[in-house]
Structures are given as C-alpha cells and as structure tokens.
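So the structure is just underneath, and the comments pick up after that.
A, B, C, D and E are the chain letters, set down in written order, and residue numbers restart from 1 in every chain.
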C-alpha cells in the first residue's frame, strides 16, 4: 500500500523503462528516427520496415521510440512493447532554411489514447536555438499535461542553432552538460544527450548534474561490436543509459546486439556481452 | 499495415480482453466489487486484501475489474494485469432510500492516466430506473470520451428500480435481453448481464441481440465446482463470456478455478476443466 | 450555381429524404425503435437483426431511423442508406417512475462523424411533459449545432406526461396539431406526429400548421395491407409523409410493402400499390 | 533524487501529517468542528476563540482541522500550523429536515490559495445516505483536483441517513469498516471513522481494509485521561491514528493532553503518556 | 458485427475511395486544382465549369478533389460524388515571394458539415520548406480533428522550398520517398506524391515505405493515351493509385479516359483500357 504516493501510474510507466541490475537502474532505448528526422538510407533494407524494428524491441524487451504514424499502422501486431512516442520532429532537408524546432506532431492526450503500452513521451529541445523561448513554453505545456496523465517525459536536449549551424559547439562537454541541466530544470524526467566527447566529459556531466537521469545517444555506427560495447560500458558506469538506433537495428544480428547491451547495463563485462552477441542469430520476424 | 483502421489503440485494448479458442472470441473477467458495491463479508479473509485479488488475476492472466482507489494503492506490484476500471458505483446500504444510480467516481481521462494497463472502463446502467434519463446521458458522455481515447466501454446493464425494488423483474429473460439491447443501442462494446433464468433464456438473449457481446454474471456461489463449470459451459456456448467474482476469489484454489474456466472458454469440456482444477493448488502471492 | 444559399449541405441532405412525384415532395422513413424505445417482441424473429432492417432500407431506398449503437456495428455492410440518427431515447420499463424525457445518447457532432450517410438527426419532444422546459432548451442546442453542421432536425412531437399518463389526451387531433406547431416554432425541419384520429384530424393539423412538414406514425399493425395503404393514401394527400416501423419490417414481404408505400407517396393509387406488394417477394439479405 | 516520483508536493504534505515512531507512521489531528458542524457549547469558554485552538495545535505541533472562514481571520498569527481545511459541512439544526450532505463551502483551489501551510483537504461522505450518488460524484471531482494540486484528501466516512436517522447503525463495526472501504475505493488518502464499538471492531476494520490509513474519532468526552489514553493506545496499535477535538481542547491542560497522545502514537505506554500529562500545564497563548 | 472496431465511419469513408480488383485495393482520384493552385488556362474551355468536372467524377464514379467554394455552389446537382475537400492551398502568383505554405481555407468541422458525401480531407505539406515546423503542427491538429470525426486524411507531400526554389530536388526519388515517409509518420492515411523519376524510383519508394498507401500525381499532359495508360499501369503495379487532373478532364473524352484508368487499376491490361477509351464518347452533362 503506497500511502505517500497515489501517482502509481507514473511509477509503473517509469519502471517499465528501467533495467535493474548491479549498477542500479539503467535504461536502454531502441530509437528509430530514420525516416522522419534522419533520412539516412537504411543500410539493411529490412530496417525500413516498421515490423522489423518493432520485432527487435519486442524480442529484446526494450522500450522503442517512434513517431505516432508508424506506431498506429503496425502496433496491433506488437501490442506489448513499452512505447515512447516522440511528440515533435523535423526533417533534415534544407536544414538551415528554418530555425531548429520540430513540428508538434502529436499531443500527450493523443499519445495516451492511441498507444495502450505508452511509457513516456519525448520532446526535442534545441537549447540556445532561435526558438528556445517558444520551445521552453511548449515543453512546459507538455510536462504539465504529462504529469496530469502520469506519463514520464524524455527530453532530447541538444545545443543547436541554424543558419549558420555551429556543429563544433554541439558536442562539447560543457554544452552537453548545460543542455542536460536545462532540460532537468524544466521538468524532464529523463534527458537524452549527445556523447560529451569522452569519458572525462561523462564525468563532467555527472558532476554538474548529479541527480539527472542522463541517457546518451548511440552515435555514429561503431567500427566493431567491441568498440560499441566498450563505449556503452563507460557510459553506464558513469551515467544512466543509452538510446541506440543504427548500432542496433542496422546490425546483422540486432537482437543479439541489444541483449549484449542489456547485459552491460545490468553490470556484466564487455566480454560477457560479446559472448551473447556471438551466439547464434536470434531471428526477428 | 492497417489502411482502413488507424484506431489501433482500441483494437489492442479489446484484444487484451479476448480469449481466442475453438469457440471464437470469449471473455473471462475477474470482478471484485465486494468492498464497495457489495459488502458481503469475504468468507476467505485473504480476499479482502487487494494484493490477493490482483495476484489471482495476474497469475491466471485474466482482466480484473476494480474501482480506482483500490487500484492505485497496489498496482505497482502488479503492473501488467489487463485492468477494467469501473467508473460508477453505489453501496448497498439503505438500498431503497435513493434512486438506482451510482456516483461517478472516476472519469475516462483519470482512468487512462492512473492505469497504464487499462483495457476498458465500466459503467452500471439501471434500465428502467428513476434515473434512466440521467444515466443514458451520462453514459453517452463516457462513450464519447472513451472513443476519443480508444478505450472500450463495458456496460453493466440491469433492469432495476428502487422504492420499491421489484426484484422478481430483474432476472426475467425478457428483461435481461431488453437491458442488453438498450446498452448496445447506446454504444456499449461489451454488455454485462444477469443470468437470464436458464439456457432457454440465454438463447432468447442471443436471438434478440445477435450482434451484442454479452458477458454473464457469475452469480451466487455455486454448490460445487462442477455445477459452476457446467453453467459456464452453457453460457459460453451460447453467449460470449462471464464476469466472475466470488466463485473465483473465494474459492480455496482461486487460480486453479480461473484456469478451469478459461479452458471451458477455449472450447474444452467440463471434465477437462475439472482436471485443471483438481491439480495441485497454485499459490497466489 | 446557388448564389443565395451557400448552405448546400443542408439542401442535399434534405433532398435525400424526399420522394419527388405528382404529389410534390413527400417522405417515407423506416423507423426501428424496437429494442430500445419499444421492447415489443419482434413477431418476425429476423427483425431483431439489424442487418435485416438495414437490408430493407437499402433495397427499398428509403431513409432509416436508428440509434447510434446499432448503426456503428452494421453500417459497413450498408454504407449508402440515408440515415437518421435518433439523439435521445428512453425505455418503456416502469414507465411512470420518471418524467417523460429520453436520455441524450448521441450528440450532433458524434452523429456526423460516425455516420457518413447521415441525412438528419432526430429528437423526441414530450410537449406538456414535466420536463418540457428542459427539453425545449435541449432541443434548441441541438438545432443550433445541427444548423452549424447543416443537418436537418426531425422532431418526434408528442403530447405526453407521466404519473399519471393521460393516454386519452395524446392522440386527440387538437393536441397532435399543437405538438406539430410547437415543434415547428422551435425550429424543427420535419415533425413526426401521432395519427390525429381521422381524416378530419389530418386536415385540422394542416390548417393550423400550413407550412410544417408533417410525417405521421405508422401506428399499430394494420389488419390488412389494403387498410395500411388506404391510411397512407389519405395521409400523404393531406400531410407530408410517414415514418413506418412494424408495418414494414414485420411484414412477411417488407421490401414489397415499402415499395407499395413509395408508389402511393409518388401519387399512385392504392390498387397500384397493392399490385407492387403482390409481386414476388423481394429478398432482403 | 526521486526518479520515479516527481509528485514531491504530495509526499511532503503527507509527511507533515505523519508521526514517525516505533509503531511506524501514525497521525494525530486536532479537529475543531464545534461552531459549525456541532454547536455544543464550549464547556471551556476560551475554546470558542480560534486563537486558543490554533495555539494548541501550534505548540503541540499537530495538524489542525478547520473550516476556511475561521482560518483566514486568525492564521497570520499562527502561520506554521499544518492545516487541513474541511471542504464541506452542515449544521446540526433541524437535523432530519434534509438529506445528509454538507454544503461545499470551499474548493481545492481556494484552499490552496488561502492557506500557505495546507497539508490536506477534508470531505464528509455519508455512506448509504439519500445523497450518496451526488456525494460520490462530488468527492471524485475533489479527488481529481486535489491530485492535480498534490494535496492529500481526508474523507470523513460515516454510515448515515436522515429521516429517520438510524443512529444504532452508524457505529456498528461492520458499517464502520464498510464506510472505510468505500472511501478508500473512491480514492481517499486518509479515512476518518467512528470508533467501531471495541477492540474487536478495530481488528475487523483492519482485516477488511488492510491497506487503508484509518483515523478514528476521539468520540465522547472520556471520563478520565487514563481512559482516553488507553483507548488511543488500542487504536494506534491496530489502526493508524486519531482525530481528536473536545478531548484535547476542552481539557484543562490541552497541550499536555496532546503531547501525551503523541507519545502513545510514537510507541510509548499509557503510563509514560500520563507522566507527560501530569507535568506542569503548558500555557497556550 | 464489428466487435473490435466501432469506428465504422472511418472504414466506410475509406472504402469509398478504394477500387477492389485483382491488384488489391487501389485508388483513382480526379483532382481539380486548376483555378486556385494552378492557373494554367483550361485548354478545353468547358473544364472551367465545375459542373463539367463534377459530371465527370459522377459518371465515372471516382472521388473528386476540390476546394470548398467550388463545391458548395454546384454540389446540389451532384450530391453523391465521393468528395475530398482540400483544406489548404496557395496560388502560383509571385511564387517565390513567400515561404511554401498554403492558406488553411477550410476546417475539418466545416468540411464535414458542408459536404454530405465527404470521404476525406486533403492537406499540402511542403517537406523541408521554411514553414515545415508550422506545417507539421498544423497537420497534426487536422489529423486529430479528422480522427475525431472519422475522416481519412490525404497528404500532398512535396519536397519544396522557395526563394530559391530548388526544382531539381523536388522530383528526385530519394526526396519523393522521404516526403512519403514523413507524411506517413505524421499520421497521413493516404499520401500523394510526385512521380519519382521512373519505375526504379517507384520501387525505391515502396521499399523505404512498405506500409504506406501512395498515390502518384498524374503529371504533365501525356503525349498519347497509350503513354498515359502505360505509366498508370507501372504505378499501380508497384504503388497504390493516382490522382489525375488534366490527363482526364482536358481529354476530349474524359469519362472514357477515366474508365480506362479504372480498368487498369482493377488489373486489366493497357490494351483493354485503350478499348474502353476508344468506344463512343460518353457525354458528361
């Protein structure tokens, strides 16, 4: 009986995103923003099929991040995946011809209605961008609605401006940690960040934002599985988790890859994770 | 890809209430309205503990029907039970001193927020009661909201008036089937009814309401497990399912009992169900 | 090109309810309120099946009157029937234990969304009843919404009170015509009335309400088809149409019956209508 | 850092009502409904002065229960008392001439605005009363608003009807525990009950409602301090606390009395409590 | 009886846009945006007359795409055409002096009210344009309203920016398929695209967006009927349909032309389509 917390819905949804293990609570997300936010060609053609992506999340038992349109067409075949619906997004076409701000393509009310296994909503915040003011107000409205419906909010917090884009600023650890703190001070429950340069950067983020639940992007395709796992090992021994896209779903053995990550998040070594990866391929569909 | 139906949320929730088997789609619900709507003493004291009730639903994998207050205190220990939250209710104290109409103790918005595994909302409609007009209007509002959030609506449809209560009218098959049809014409997705006297009554309900998904109450405590299962056998070979309370949770082997019912709903014989029941007791907590 | 009337939606819907013929514009509706508003047993069991009712309207090409719940479950098999959704209703159980006023089970917005072939909405008004005040206000709200969406409004206007019911008052021609005028003065586009006693009564209604489009109930089951058609002949030579239920759908040859009525409404004689009726039975499903 | 619960406001307010000790979490409230809900003359005239009552709560450091009007006139002299504002109430004049339901004299929004030290709102629910339906709907609205503002809700749950009042039913343990469960199933955080006859009754309540936080009324003026403390001792060793009025504020040494109760709630013996009581009187103003 | 889908309105409207045949479900739309979005002179003067355009759609029995103003003036003569109302649009005057974004000239509520035979609403989305953010937010609002009213949404998805316009980018297959996917992820039910260069491009779109219902523009006036039909043949054997304007309504035998297309969409050969075309001209008005 929880006397001091009748907001059980929030707690349940939150726990569905957490991996319990020797390292405490960590999170591993499968992110699929190819198609809308990135149009990078899927090097594995099957990955263009939402059934394939949903099959990976389902079998690996990790939360999946999608936009609503993809979800509603395929979800009845995958009804139990813990889902994060992203509420805003933008394409990468003619990138600099507009300020960094995604269109708000889904509301919190809509998300909770269309998605019976919703565990969180997501929002991309461009810290320092020309629309920062409008975005912070928009985010606040989302956080309020989300609190009402007891849905956790994940903020993709990136330092960014357009025209000209200052790409060299975006990954600097001092900017990454600033973005983390800004999202946190605005009510985010989980913050998704760029990789802050290196292990030192991970420590700096932690130091500056001791109580923030930080999830790091999977980044560019790693050269080898071992490198990918080593990076993940460092991340989850300092910060709180990862949101990985291509490094899982474009891998020839995506479910094995994901299970290896999960092992690391539960406190296993890189070697143990590689053993899992090197087992026979787990089929998806 | 579902081109003609983007309302996937509704379909997913609906399917979580259905048992697929040789008889087609049937439903078995565990109903616990002892405590609020009935105060009948729990003959098994443990049954007063919501953890016990939730444990049964969880292990037997059947949807559970509760009011919100009970749900929010215990749900974090049972996060995956398919839940039906009842939106109105009334006590049985001084029964005839007011017209039959439950208080509206939970809204659709509230239900979907507090309950991450919500599959339906429930509403008690007293057909022919002094508040029938107000109730039909209230139900219509609930159905609209529920459609918006893609939540199925289960209507407890009972012929009833108070002061004086005409108990002899309530279970007559012509009244049971009238109540079924009224709920259906008002938009209910599933209708829960009194037992319409006998097998002939079950047929009459079906005839008058061919396309209605009818679930029958578990009724008074059956004398033996065999009688209970035989009754269930008749019901699901004519109509569509049952909502059972005491006949499951006050049984000394509640999970075994539930699994026996499920077997019948999947098309098995009463004997096969009894075999399941007679196996070693499955523990609850 | 209609310069003076941009409300084409209203005109189109209205015309879908009208039969053009030698008598001018007349209307014939198939009404099915057995099941909700009347629980009279269907003397032809098939009539309990909405598919059967919808099949009649579809093949006879006449508008059908239903409540929303029935419509949504069967409409995809009958997508083109001109539909009238009734917005309020009440059962006939324990009739006098509440004031005459149906529950508002559907809104105008809901009706236009769920029903792609909607041509009108319907409302039962109990003139002189204990809830007359509330009903007139409720009707006004419906008329306003319906005007906004360009949906015609049909009012079932009956003199009525409960407890005690004064049944002898309800069919008197002076009360029938009063009810017609009240509905008309409150914005109804079409008024559905009780049969005002006799031919003299039909004339009295016309006199008192020259510009009102009055549709008369089909009433009790007529003894013979000839009597039914003769009554209809009188009605449509004085007033504007009929809404017929049992006299069509409980007839052994329902589509033939409907086509006979239509012939009369187009200006044919009773004999010509009987010829149509006496042809080979047109099958429904 | 509370990752799984951002509703910290609720938790903080809840904890301000809890006494931590060897018995776990217990609650002691000072209730003053003399003046509005009871007009019993104050046997100690000073007790009619809100400053006196507030002084007791302030010095004894226990939450105080008042109606809003009293609060706003005196609160600036006692800004730190943990306050419970009662949202409804009724007088005891001409008691049976109306159904049992208090007027809703304060809203949740108003309470949080006028009272900077608000820790909860209170609502009297008359279970089984003629207005049960309306009250449950009203309570649900309050619970929703209170959850939004993160304010705990205390429900005074009494079995009651008027005209005729059935006083002999109200204190029966089976009715007391039924009232507790009903309040709980409707979302109450804390339930305030009549004393359920005797120690056996306390156990029965606990059994039937294992996870409910139950606070018992102080009841009629006890003959001696020892009897009062003994009763309290039994209560808090079985259930969760008390709301006491006259037995504190009409006592000649009200603060000493309260501190004695607190000692018992922290796990001390009746003797230890009496020692505290018997010390020199602590002055109030 | 559709137990799992009470959103029958959506299904009915969707099916009115689909041609069932050997190729599965395909769509052929008659699009008329000459007059508003294109001012290209009508080479056949009669085509400037909305009656002429509506007559083609009516007799060929294919859905028609118009803006509201044209619809309301002529619709009463053509009440049964399945209609798609375009909700936004812009002229081609001084094209580059403003960012690509149509004015929102009609709302979903307005469309459903004014158009009794409405089957879908349309929206032009300029992917990558300077107003992409605003457009995605605007589209989301339309999708939500359309879902509420059970109206399918067709998105015209074009890669586009102005000042300078990069015309060479707009028809590249990688941009066409990106536009398709973006519309899909934002909730579109049907997506209308530019022709993606060639047959290879059609395959690329399909691959990247396997579950998207893609309709291709009719494009520039084809040199011969045979070429037009051959192109259509390729399109509907890979993707899902076409929206054709000038290639139908500026043809000397527009209804014959449309029926030939329909034959191809049903799985017939180009030769069979040409036979239909070469029959005697079907008159329009």
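Observations on the structure shown:
Convention: a residue touches a chain if its C-beta (ideal position, glycine included) is under 8 Å from a C-beta of that chain, and two chains touch if they have at least 3 such contacts.
Everything numeric here is computed off the predicted structure, so don't read it as measured data.
Common neighbours of subunit A and subunit E, listed by label, are B. Mean C-alpha positions place subunit B and subunit C at a centre distance of 36 Å. Remark: subunit C and subunit D have CA centroids separated by 59 Å (rounded to whole angstrom). Look at where the CA atoms of subunit C average out and do the same for subunit E: the two points lie 39 Å apart. Our note on geometry: subunit A versus subunit D, Cα centroid distance of 46 Å, whole angstroms. Residues of subunit C in contact with two or more other chains: 72-74. Interchain contacts give a graph that is no line, ring or star and is not complete, per the touch definition above. Note for the complex: subunit A touches subunit E at residues 35-36, 39, 41-42, 45, 48-50, 66-70, 72-74, 88-91, 93-94, 97-99, 101-107, 110. Those residues of subunit D lying in contact with subunit A across their complex are 1, 3-7, 10-11, 14-15, 25, 147-148, 187, 189, 210-213. Per the touch definition, subunit C reaches subunit E in the complex via residues 1-2, 6-9, 11-13, 15-16, 71-76, 79, 109, 112-119, 148-151. Subunit E makes touch with subunit A in their complex at residues 127-137, 139-140, 144, 159, 161, 166, 174-175, 178, 181-188, 207-211.
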